[in-house]
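Pasting the structures here.
After this come two complexes, each holding subunit A, first together with subunit B and then together with subunit C.
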Partner chain A sequence: MSILKIPTPLRSYTDGRAEVTVNGGTVASALSSLIEQHPALKPHLFNEQGELRAFVNLFLGEHNIKDLQGLDTPLSENDRLILIPSIAGG
Partner chain B sequence: MTLPELSHEEILRYSRHLLIPEVGLEGQRKLKASSVLVIGTGGLGSPVALYLAAAGVGRIGLVDYDVVDSSNLQRQVIHGTSTIGKLKVESARAKLLDLNPDIQVDVYNEPYTSENAMRIASDYDLIIDGTDNFPTRYLTNDVAVFLGKPNIYGSIFRFDGQVSVFYAKEGPCYRCLFPEPPPPGLVPSCAEGGVLGVLPGTIGTIQATEALKVLLGIGTPLIGKLLLYNALDMSFDFVTLKKNPNCRVCGPNADIKELIDYEEFCGVPGHDHGEEGSAGEGLDITAGELAERLKTNHLKLLDVREPHELEISALPGAVNIPLGQLAARLSELDSAEEMVVFCKGGTRSARALELLASAGFKKVKNLKGGINAWAREVDRSLPVY
Partner chain C sequence: MKLRIRREALAQIQAHGERAYPEEGAGFLLGVDNGEKTVMHILALPNAREDGARHNRYLITPEDYLHAELEAERLGVSLVGVFHSHPDHPNQPSEFDREWAQPYFSYVITSVEKGRAVESRSWLLKEDRSQFEEEKIEIL
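Moving on, here comes the complex of A and B:
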């Protein structure tokens, strides 16, 4: 099990939860676990083709999964994933 | 370059800086010789400009085209009640020169656009991104990359803030992290979604800190690092950012070599007023027209705001389905019925109209300017927020 940290713009889709516990041995399966628990998040993270949207940044610890093995990046117990939103307020 | 001398008055003013070995007399003279362009004099621009002026940055440029509104003052602390209705750049300049008359403040009372941005920014050592919308953020980034200047980035929403120093010469740029903007409407602006007033204070002062470090050449700036702050959790997370080899502006095979049309690129306008939202030609109804129609006809009113906003103002008889729930609750609506959709300012309702149109609703109109327009034009007993 890993912890996925949800930024405030997306918390309205996770019943206000700041962190969601997700299952799975890879980033892809962790995201499936997240969507299974909070289906309303899906259009915000994936496009119509089921690919992770280009503006969605997911970090494992302090590293962007794009700099690791992408969705195939393996996860260990208690890994911490952070979703980084695109925000523009100022 | 010979650094400017400090007068006795300046030495006294900056005494607490001069006592720090990392700044000292030479550092303070460096600051006096330096120039910073602050894009936006809003929530972020306010603390950034105030602290840079207080710190003795010799020349500060301010870009904004807006006027001070009372709804700004919950967070835009450079302005005041006495400057409501005045140009933001003038309101800000007066405050900065009161704080520190020894500096120079240049103002640009114009939108920051592809036409003027390179000309304005080329005259400064460093750029601060204190804008409130995606098009101006991509523009600010690209200008900084093309001119080879550091871009001190800060961004906020509700309780979340982000800070980084995007400096393509030494690390990644904004586009390396965000190659493309989110689709229009997916991320609400602060005018629609709100923001904790003190949040830009926290983020802006961190931007000012990074700016001073870069100007002084001290410490470790947030180059290749992104700070993620959450005020509710009081959490500070740092992540590592790498240069994206496929970056379209700073990568080895960059194909964007000059400024583009950023509003087109992002699909949204380069401002965040959140007012007078329109669904487009023939799809709007004004508050006055709606008032007339309601005298003779029954019209269904659909309020797509969040439930807590109904405590501020409401229209009698309106059905409330927040925009985020609309797609899942379409079965509660009758497509044969004539309907007017509204929100605070008309932006969310315009998106609701798109959603309804794609679901086959043809007899729907958007209340232009939202319930705020209704409060201004029809029912003055309602507050504008």
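Moving on, here comes the complex of A and C:
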């Protein structure tokens, strides 16, 4: 089991919790575990095509998973994954 | 829906929009949420978009986002929204604003015309992400 840290704007979907315990050996399965526990989060993390929205960043320690193996990045027991939104607009 | 905001915080938001002109300026709204949000402080941040894009786009990096969460914690408050300016453009959210919007956050947009802040309005993303709804600003 790993820990997924939730940013402030998404905590209203996790009963106010800043951290959620998730199952899974990869980042993708950890996200599936998160959605399974809190289904209303899904449209805010994934677009209509099922792809991760552009503003979603996931860090494993100090490393953005985009610089590792993306959603296939393996997770070990007790890893801490941090979800951070890019804040943008025009 | 209503966003309560300290007069001083709103003045800082508008001053930041004027300083950033003709580019967009942005940052976070810090405050409390007791069923109704009250903005007590702001945290102005650099616009991380590349040269040539900052006149109609803004970006706050993940590093600055983490810094803002820590700053809010230090002040004993939380992040309740984002502010940004629209240089020479109405203070209504664009389609790009909607695509990148976070749920829950209040988005305060200030129109800055010829370098002068004109008006700020606040917007909240609908739950189905289809559009923003305006929330009235109450100045404290």
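Everything that follows uses one rule, which is that the second predicted complex is superposed on the first by the 86 of 90 C-alpha atoms of A that agree within 3 Å, B and C clash if a C-alpha of one lies under 4 Å from a C-alpha of the other, contacts with A are read in each partner's own complex, and residues count from 1 in each chain.
Everything below uses one rule, namely that a residue touches a chain if its C-beta (ideal position, glycine included) is under 8 Å from a C-beta of that chain, and two chains touch if they have at least 3 such contacts.
Note that the structure is predicted; figures quoted are calculated from it, not measured.
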{"item": "Partner chain in contact with A:7 - subunit B first, subunit C second, else both or neither", "value": "both"}
{"item": "Superposition-derived comparison: subunit B or subunit C, residues of subunit A touched", "value": "B"}
{"item": "First, second, both or neither for A:85, with subunit B first and subunit C second", "value": "both"}
{"item": "Subunit A residues contacted in one complex by subunit B, in the other by subunit C", "value": "7-9, 12-13, 44, 54-55, 57, 59, 64, 84-90"}
{"item": "Partner subunit C, residues of subunit A touching it in the complex", "value": "7-13, 43-44, 54-55, 57, 59, 64, 84-90"}
{"item": "Interfacial residue positions of subunit A with respect to subunit B in the complex", "value": "5, 7-9, 12-13, 18, 40, 44, 53-55, 57, 59, 62-64, 66-67, 82, 84-90"}
{"item": "Touching residues on subunit C, where the partner in the complex is subunit A", "value": "24, 26, 28, 49, 56-62, 65-66, 69, 72, 78-79, 82, 84, 93-94, 96-97, 99-105, 107, 128-129"}
{"item": "Subunit A-touching residues of subunit B, taken from the complex the two chains share", "value": "40, 42-45, 129-134, 137, 154-160, 162, 177-182, 186-190, 193, 195, 200, 226, 228, 230, 232-233, 237-242, 244, 272, 324, 328"}
